[in-house]
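Chain nomenclature is as follows: A, B, C, D, E and F, assigned in order of appearance, with residue numbering initiated at 1 for each chain independently.
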């Protein structure tokens, strides 16, 4: 019963990512969208939090990364970049979706 | 598709500041007519939705707290509240409204719908649902 | 798969409305069935045909209406949320004695039961909000 | 004192719109001059006369309109923000070839200069938003 | 040049109160409104943050406290409760207002 | 009332996620015509508004980054960016767009409008303004 968790808030503004990571289970996927993608910036405080998560796939939406100028060289390792089609695939390949609004 | 699905309403936002709490509650009330297996989860600021003693007269908005209390009449029997979320906010179960239902299997005894669960249990409750409605 | 999509925020103010649209387009391109897009909370404001965005920007209502026409999508606006915020079709206009309506082609106003039904019928329900 | 008030969020969705209203009433009761209430971002959605809230709830548009009439308040809706979101008066409706308008009595549509002017003229400018 | 700072976000959801408190100066006033009033609950984590502030007046809006069931006995000491009229007085008695949206 | 006032625009929100950044910028552009003393402050997630290299094509929204760069043409010369906000987010001045103005008092030499300031200085900048426009 794997879950797709979407996080659309900046980890520097809200507790959303933190709360999500406190509730993920092994095998789940966390997809960062909208302002949620700011979590992947190398050297940022939120990146440390992300990097400490084990057994969970972390993905980020390419449209939102690009819109914010977050290029590959600015990102931490271990984050899979997906386009909207990849977002759809994550929705269908997991059993359900929890949106951390 | 005629099977009963497990619907989980996840409530993470404080009441009044935005309409998320009120309009989520309206879905629960309508949804109760659909004979699905319904559960409500309150975590993060969502636990503030259940703090008793609202008086919205000075604010000038509608007080929708009675609707939570009435959920038992709509056969909502499972209300999960995360302990860690309460504790961080200086709250305990005593600060919450009473929510009850009549247990058909126990001579219609009135029982509390509220179940205080740990963060770990909350994660399992989410994992166990068929459909999550996130507000 | 059969997908249900829920939009909780209005156009331009929040990106949620854009993400939901782009997700819907991608789902259709992948050959999935979009059973229903349900507009709730401020999401109902996506359905006004009166919006006039700057010419160099996207037209959020039009692109939903066009997508609905092309793919025969069911775009449902919650009646209670719509009334509160002033989104009306002709029936609602008459019923409440108003002198104008503003709903765009391709959207229909209905009850919250349509959201529950989507939850029952769909393989996946995806929420976009604030 | 001369006060300017800015509302950045829409009715019902956010409490900002309520707080701004209650603040305005209190300022008038204290004898202050409210130079202007400026509606920007989703704040423009407070100005639609099409809203039909539940009967046991407040009517956010009506109470602004009534306050404006009683105190001769200047309620200004930003034209650019209003166009994006589908809030139109009769002039705007004609100019953009739309078939309906939805602005409520007591509100007028104008430019962002009205906000700057409020900043210049007022002793205090108070923002309400998300 | 005293400033009135308004904070309308829950300190458990956003960094708004923290950022505000990082920018207040002696003689300023912080007024908690809307979900911002949750910061005053005794025993809550945010209350510790509030209590550590020196030289700054902390006020909270009564309408928002009441709407949320936060009665006097649940509040930390040192918070002045004001009604909307008191909010207006704080606006006029300070030189300007910074809304921490 | 004909005196020049110090207008400070305080930007604390990330771009794209909400319209606050874009519609705040539109006020600055209009406000520039009013001959007041204008300064912009970027702190908290507001610093993300100045990160260079936006490409909004896949998102399908308008790229309004060029308008920031054009602020110099509107005689906006003071853009304060909080150092602590940058650092927490893994950013430095090198990650930001260039914003310049022509200094009339120095033979129209092109100078950077961006001034990286400490949190303490930012607090003083707020205290020093006559009118704060908060977005």
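In this section, contacts are C-beta pairs under 8 Å (C-beta built on N, C-alpha and C of every residue); 3 or more make two chains touch, one makes a residue touch a chain.
Note that the structure is predicted; figures quoted are calculated from it, not measured.
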*Going by the stated contact rule, which chains contact chain A and chain F alike?*
C, E
*Same or different, please, for the chain C to chain D contact, judged on whether over half of the interface numbers appear on both copies.*
same
*If you tally the C-beta contacts for B-E and for E-F, which one comes out higher?*
B-E
*Which chain has its C-alpha centroid at the greatest distance from the C-alpha centroid of chain F?*
B
*Looking at C-alpha means, what's the farthest chain from chain A?*
D
*Separation of chain C from chain E, taking each centre as the mean of its C-alpha atoms, in whole Å*: 38
*asked:* Between chain B and chain F, what distance separates the C-alpha centroids? Give it in angstrom.
replied: 43
*Counting only residues that touch at least 2 other chains, which ones in chain E make the list?*
8, 12-13, 15, 34-35, 63-64, 83, 96-97, 99, 101
_Per-residue multi-chain contacts in chain D, two or more chains_ = 8, 12-13, 15, 22, 41, 54, 57, 80, 125, 127, 129-130
*So which stretches of chain F touch two or more other chains?*
13, 16-20, 44, 59-61, 131-132, 134-135
*Which two-chain combinations touch?*
A-B, A-C, A-E, A-F, B-C, B-D, B-E, C-D, C-F, D-E, D-F, E-F
*Quick one: which bits of chain D touch chain C in the complex? Just the residue numbers, please.*
10-13, 41-42, 45, 48-54, 57, 61, 80, 83-88, 92-93, 96, 98, 100-102
_Parts of chain E lying in touch with chain A, wherever the complex brings them together_ = 12-15
*chain E touches which residues of chain F in the complex?*
10, 12-13, 20, 43-44, 119, 122-124, 126-132, 134-135
_Under the stated contact criterion, what part of chain A meets chain C in this complex?_
6, 8, 33-35, 61, 63-64, 83-85, 87-89, 91-92, 96-97, 99, 101
*asked:* Per the contact definition, I'd like the list of chain D residues that touch chain E in the complex.
replied: 1, 3, 8, 15-16, 19, 22-23, 25-27, 29-30, 32, 123-130
